[in-house]
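Before I ask anything, let me first share the structure, which is written out below as structure tokens.
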Amino acid sequence: MTKRNVAAEIAAIGRRFYERGWVLGTSGNFSAVVSRQPLRLAITASSLPKGTLRASDILQCDENGRVVGRGKRNPSAETLLHVEIARRRSAGAVLHTHSVWSTMLSDTWPSGAGNDAAGVPGIVIQGYEMLKGLAGVTSHEHRELIPIVDNDQDMPRLARRVGETLEHHPAAHAFLLRRHGLYTWGDTLADAERHVEILEFLFETIGRMQGGPSWR
Amino acid sequence: MTKRNVAAEIAAIGRRFYERGWVLGTSGNFSAVVSRQPLRLAITASSLPKGTLRASDILQCDENGRVVGRGKRNPSAETLLHVEIARRRSAGAVLHTHSVWSTMLSDTWPSGAGNDAAGVPGIVIQGYEMLKGLAGVTSHEHRELIPIVDNDQDMPRLARRVGETLEHHPAAHAFLLRRHGLYTWGDTLADAERHVEILEFLFETIGRMQGGPSWR
Amino acid sequence: MTKRNVAAEIAAIGRRFYERGWVLGTSGNFSAVVSRQPLRLAITASSLPKGTLRASDILQCDENGRVVGRGKRNPSAETLLHVEIARRRSAGAVLHTHSVWSTMLSDTWPSGAGNDAAGVPGIVIQGYEMLKGLAGVTSHEHRELIPIVDNDQDMPRLARRVGETLEHHPAAHAFLLRRHGLYTWGDTLADAERHVEILEFLFETIGRMQGGPSWR
Amino acid sequence: MTKRNVAAEIAAIGRRFYERGWVLGTSGNFSAVVSRQPLRLAITASSLPKGTLRASDILQCDENGRVVGRGKRNPSAETLLHVEIARRRSAGAVLHTHSVWSTMLSDTWPSGAGNDAAGVPGIVIQGYEMLKGLAGVTSHEHRELIPIVDNDQDMPRLARRVGETLEHHPAAHAFLLRRHGLYTWGDTLADAERHVEILEFLFETIGRMQGGPSWR
């Protein structure tokens, strides 16, 4: 895929996610790997509304999250998380969204309560046909654990914690940042977009079924 | 209707359902009968996003669910269910959607609890004016029973169970697959689309009125 | 306004309401008075999807709800209700929608319980700024009573009951048919559309605040 | 920004807010400062639907809320609130919306209960990443207090009360009018629109998590 095509596809994803209310304000950020050796990501610039992205809003960054080439703009503040995912999952694309339901579900489990052996809390989803849309899943009986990572403004520290979480959960297709949003990925932008749609669907379904006062 | 028109109409339905969030990911599949003798269905190819269907994404299959003619693509994994419905209901079109509310309602009754004489659980809807939009219904006092069939990855087995359910419920306009979604049909694609809209409306209404912790 | 303009405006309202999910299936019907003496209404034909109305889908009917002029199509089955409202309220336009929230709220009060002196149950809305958008209302302290009329497939009988309800509630801007939907009106199509938007907003707000198990 | 550009940008914001259901009926009003000395605001005319604004629907008013220049139309009834905000916050743009969730949340605290030292009730939001989109906020740990002001049809009196509230809460990015809606602002129309999106997202998230019968 050419650089121009990558930017156009990222802009189209931004419009679709904006219409669904998944990237309000200037929230969310999107990337695609354009080179493996050396690692280069096309990534959205920082602090932009996502419903009206243009090709010039997509920057290129290296494996340390620094912009490659000229340009006055900064890449997304969360670039290090994209790099971490691109490396550890060999992902071709990483998408991060801030939906109402993912924010709500990310807050369900108590911080630091250590819900699994690795001390990472998470959401278990099982029994839904929609799970079959996740890469490599062939039955609704699949058990998906989506880890929840505490939010942090110290990006190198958060990137390390994300890296550890990815290692502890090698089968996970996504993770949530607490009261922050969803990160998922895929071989291509289309695969990652499919994962966002599937997980948002499942979060809304699970969230509505819990409903009412059990939230507190 | 010409083959080209069928494909265009299926693509338009895909866009409308995608906008409403009823076929997220690559979920959902759509078919229309293009010949009765021998039975031939125009049906969406497997694993496609439904918001951007093109004419080349619509295949033709026979009464065994096998692709007719050349082409490298596979028809939807659930083609056998479409064939079963087209035969037993003499339906001209079959639409399958995955909405949040149909997924929630399909999970309301316990699996295998045998809520009717035939041992099939189901949802009863009665007293709503919207029911009059279902083919042949002339009063809001109509009692619609929508059977719930347990989900299964073994398609020939699931198709047999769907066939039995259709026989046991000759008046049903639709059925739900548990934690999976809605199947409905009609004489034409427009009739089937109307049935989807009506049933999704009723599922949301009933679901919201149950609300809160009564879900569990 | 010319006949062509009326049809175009009705079609535009149909598209907007369809997008919001207020006229799914073939539900809803719309009319505008095109002559007072004798009474003539432009009204949507029966059993049409409302998202794709064309000028030829708008018929003209007389004060008995019969089609004026040639044409094979029937006007909406609920034409008599439109005539009743156009006469008793001197309305220039009448809009009928089937939303999830209006259907839910119409079912809140027990049938025939006689919640006011006239034996008609209803919903009271007071204290919301949005009420000021109803014709003639100048303060959020306004008290709007929206009567609920039991649904009925006998149209002449339902039209009589609607007529009585309008007489008993001379200040009402709208009424609900139980488990069926909303009727509201205005001097112009734009006024009636504004009333639909305001009332749907208020129904959703009130409905969400009741929430949970208190529905049952 | 030219006068024509301001009007075009306000119209585009109107369309986007209308699509999300935040300015139904003729609710909502929008302004941008076009001159500081003397103070001049471009502001939406009174009683207009916000989904179809045109350049001629944007008036200019002075520091007393009176229309500048010829023209038969009146500025929004709430013009004095816009002037108050533009002055005390040195805001370049002020946006007012009526969403379901802001209306619901504005009704959470009892009128006149005096929830803070200044006797003004309010909503506290803390711990959400989305807060970082508010001007000057750098961490999700930020504590945002959104004051709630009782609604009033006496505009000069309401403007005084809004002025006092702004003085008592110098860090607030917004306030709510009870059972009425949201006011927020920014250096530019884009900044104010971002604030609306962020606050609406947070209101919906908080509202859904409270849910159920705890509303009453």
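We call the chains A, B, C and D, going by the order they appear; numbering starts again at 1 in every chain.
By definition in this document, contacts are C-beta pairs under 8 Å (C-beta built on N, C-alpha and C of every residue); 3 or more make two chains touch, one makes a residue touch a chain.
These numbers come from a predicted model, not from an experiment.
Using just the Cα atoms, superpose chain A onto chain D and tell me the rotation angle to the nearest 5°.
Rotation angle, to the nearest 5: 90 degrees.
Using C-alpha centroids, which chain lies at the maximum separation from chain B?
That would be chain D.
Between chain C and chain D, what is the gap in Å from one C-alpha centre to the other?
Inter-chain centre distance comes to 32 Å.
Which integer distance in Å separates the CA centroid of chain A from that of chain C?
45
Can you list every residue of chain B that touches 2 or more other chains, as numbers and ranges?
Those would be 211-213.
Considering the complex alone, what residue numbers of chain A touch chain B?
20, 127-130, 133, 138-141, 190, 194, 197-198, 200-201, 204-205, 208-214
Can you list the residues on chain B that touch chain A in the complex?
These residues of chain B touch chain A: 21, 24-27, 49, 98, 100, 103-104, 107, 151, 153, 177, 179-181, 207, 211-213, 215-216.
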